[in-house]
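Order of writing sets the labels: A, B, C and D. Residues in every chain begin at 1.
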């Protein structure tokens, strides 16, 4: 039985993991860097330990220090959240060696999914469709040309150790092949210390659809249906929803089975996500597996009615899955919007700073998983994600309406956020009709980035409030400092009560 | 089509109604009394109008003024919330006369359910079980004795126009009958201006279980299952849950059918609640109908997946019910805790005042419907309800664990609340086992009101924080006012940095 | 200021600051020594980190900067800072609820504000003079209806402990 | 104080208070007259009720009490109060970034704080003197590295408009 969990993370996900710990009666332990002393995960945790300076490499990525704290405070297990050490096979191995349970898959599964070529091979062996291309690292250019002629241009050259767009090159013409391979190889070597690259057919304007799976240590694997994640900006998801408005029940079932097969092929354990790219005709191809909890897991939790963190902990302590595939169904529709501290009017530059005021949306069908609070200073060192706003309704239309209502209620001052930009997504016809793919943001610039119209009435109201605030300050100042030196004109004016009935 | 709704209420329910209006694209109009200018419903609404001084009789109960505002702002409809004018047949009539839609039943249905004897007669005619007793007002004592001998002692003497415990007398012995009738009659005359009383068999330690129904103007009626409301203090519900841990599926089905029959018997329209008292053997008897939205409606919303306010608005504008009985099922388990500004250590005295600080619970499966905010002054004039905390999980056990977690997160300073008392309810074995009835609070005093144990370590921590706050104030004060007059000892101490590594 | 008494409900504890660096405090509370990080995360909301444990404690000022209502998770307390000034005020309050004929400060300080003129009629509870001493502003009030006989100082004056400030009758 | 200018992004509006009673304001903004309730519901969070409509507007001070960042529902603005003092400061800032040899206040006021002694070397941007005028404290700074030649006033002194306060070189 796991009785104490160290959460090797910060921000909203650390708080979210600790909430489930608390519901399970598990003691939660926070670790924090120098700038996170007053961060919400430290406030929320039962225990909290300092692990180093602000830069992640010296704190949240410091495996030795985190394990030292885990041993010292006698934590049974470590939950890595997402990002940081969550997909680090070495850390998973070190936890095992130290006798601390890593709440996630073992190092073998992380490694076999982390290397894209190995993963492709495993998937092909398990009968999971992959994007046409090579199954081995490219040895020389002529071999590459052979493959390219087979699958047809355009193709992507990708780094085997890659992720997040690095070490990737799009090739549209044969003349570009040699150069693209050279550049991808060099970037891959620099970024990942491994220059292996491979070729995949380029699928234009695909959909990005992922399946959530849960696998226990006893060979049981279930999937919890899909998440549609095609609303992306620079490979960064912004809005996710489930069910996907694209796929039909048949395709859903087949993809779910493929996801389960994919997890089984690598003896997976824990919560994981199989990412597929899907074309307009619903042909789907395995893209990669995220061997951790996803940012967007709450939409699955809402529609399937499962607490994924609790299931991860149960699996990690050796329990059999108590949920069977047949117990699960998708109930209604859920959408997630990611709220970032960034400036949509200035190329989405991160906007760290102090929160002057915050009002979070509430009420029926709304879940807001955040971590900031009034007066909190968002540090410059980490992800600008502020919170995840999840709305549910019986219907997709109802969920969009609710999301709009929730975004309307959401007020953050002190840092710039993408809240109004998200509202524009909800209002965009392509989104409302559910007819969008990964090109959504690019294709709908006009609808999403339309210029603000001037509103003189709104200006006048702002001016009046500023004026009132200024008068209030004078009022206060007068009372405090220069009181009893005579009464200002405006106060005399204020006393002419008869003018107001 | 309803396009503008005036919400004739305040507090959490006004905000809750406006949220649904916003999701439907309906303009919401707040009305407010003198002390409610800065109340959340005024902040949330699209429009807001002053209707009178603080006392309810001069503002929220002022029918003429509210209708005047509705006409003036061209509202299509009025939502009365609960309390105030929500079960007032005269107001429903006045709305009809003024050509404003009353979002609730017509005056006829309110009247026939408002008079308890009429309601009993209607229910008997519709085949709905009622508590054995009289079907006519008691004319004289000898007639009363006849009935009492028939149903057996003990019995309750109740006012026909009654509610909320007024005009009620428990009779255990025949000798008490004449006196009890006289006193009930006199109390009823004073309280309701109607001295009609009737007799019901007294059911000892019953369960209080109610069914939610929705009825449209086209004769369609559905029920949305039950709510178990037996956790009460002085006839005031504190904790509600659904499904009820008492009733079996067969009884649930029968009670649901009885609830639908009850609504049909009075040509009901809108959302309503049929209250039953149920004995330990699951015999159920119609108690009364609440012809409005209930405080505890959110647990039904969560488990059945329906937005009751939206359905009320759709019904009011003449739509047919789009949900059929067969579409509905109970998914998982939901519990509601009512958060009151009251002092559990001082006989639950209301505790109005200014909110110094508030932290509301969030995360998976938690809904917190409130209206207060930091700096808000809870007025003395109205209900001390602060918010309703609703937690859901797949299982009842999970919902209790989640509620405990949410109550742990809930922090309000500035006024006293019953939050810690609610935690003790969640920890009480009788509640955890789901074996409780309306005597729960009385029977579990020891578990619920156990004396606080002293904790010197906790005291020391509080003292340290006070000390630190005092030092911080001195620090600030020094910097501001007596700066540059020399440096205090403790600051010198603070500078000996080498002592801390 | 590194040592004073703090009352918490019925208990009165001696508190001493041994060391401080930023948010880190070495404190003794009666006989117990603690090494704690005490961070004000929001106005009146404190996070106390000690021996690896994380505690949330909220303070509300309850009538003046030295009186608190303290909320910890399961317990709430009424608390008060008892420094020299408080002790003095308390001793004055204990003498049958009557005023001294001369108002003075128990500590050296500076006159911040004089709220009366000679000859003024003041009511019970009215503040007569405000003195900044012990780095806090303290208000001096009358306990009964009085007449201000003489004002012996001016605003901004520096005053000694027990120096007569205002004479009342 | 019933009239001043407020800049909002590129617009500068004339604002005038005609009447006030509590939270109710009769205001003209340029040529438009408004009758509004303006209520501060939380620190920096305002509720404006006008013609039956309810608006939420949040203010953040952006470097000083006269500069704001304003959030309305769909628009955000940078705003600044332009009163006599601001205009004066602005006019001073426009003259090639150099200091006058005498620091003075454009309005009558009271010296709150003098942060230098005669003979002090001060750096560009240092505050020399703080004067309470127009019921707000204003800081007077040097724009370049300077030496304080003469201080002509003392803290708490009441001063006239344009009276020399500090001479620099």
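Worth a mention:
Basically, contacts are C-beta pairs under 8 Å (C-beta built on N, C-alpha and C of every residue); 3 or more make two chains touch, one makes a residue touch a chain.
Quantities reported herein were computed from a predicted structural model and do not represent experimental measurements.
Chains that count as touching both subunit B and subunit C, per the definition above, are A. Using CA-based centroids throughout, the chain positioned farthest away from subunit B is D.
Subunit C has its Cα centroid 50 Å from the Cα centroid of subunit A. Separating the CA-averaged centres of subunit A and subunit B is a span of 38 Å. Multi-chain contact residues of subunit D, defined as those touching 2 or more other chains: 42-43, 56.
In subunit A, 374, 408 are the positions where the chain touches two or more neighbouring chains simultaneously. Within the complex formed with subunit B, the residues of subunit C that make contact are 1-2, 4, 6, 8, 11, 13, 15, 17-22, 24-25, 27, 29-30, 32, 34, 36, 38, 40, 42-46, 48, 50, 55-60, 65-66, 68-75, 77, 79, 81, 110, 132, 135-137. Within the complex, the subunit D residues that touch subunit B are 23, 37, 39, 41-43, 47, 49, 52-54, 56. Here subunit B touches subunit A in the complex through residues 15-16, 19-20, 22-25, 298, 301, 305-307, 331-332, 360, 362-370, 374, 393-394, 398, 401-402, 404-405, 408, going by the rule given at the top.
By the touch criterion stated above, subunit A contacts subunit C in their complex at residues 29-30, 37-38, 42-49, 73, 373-376. If you check the complex, the residues on subunit A that touch subunit D are 356-357, 408, 411, 413-414, 420, 452, 455, 458-474, 477-478, 481-482, 488-490, 493-494, 496-497, 499-500.
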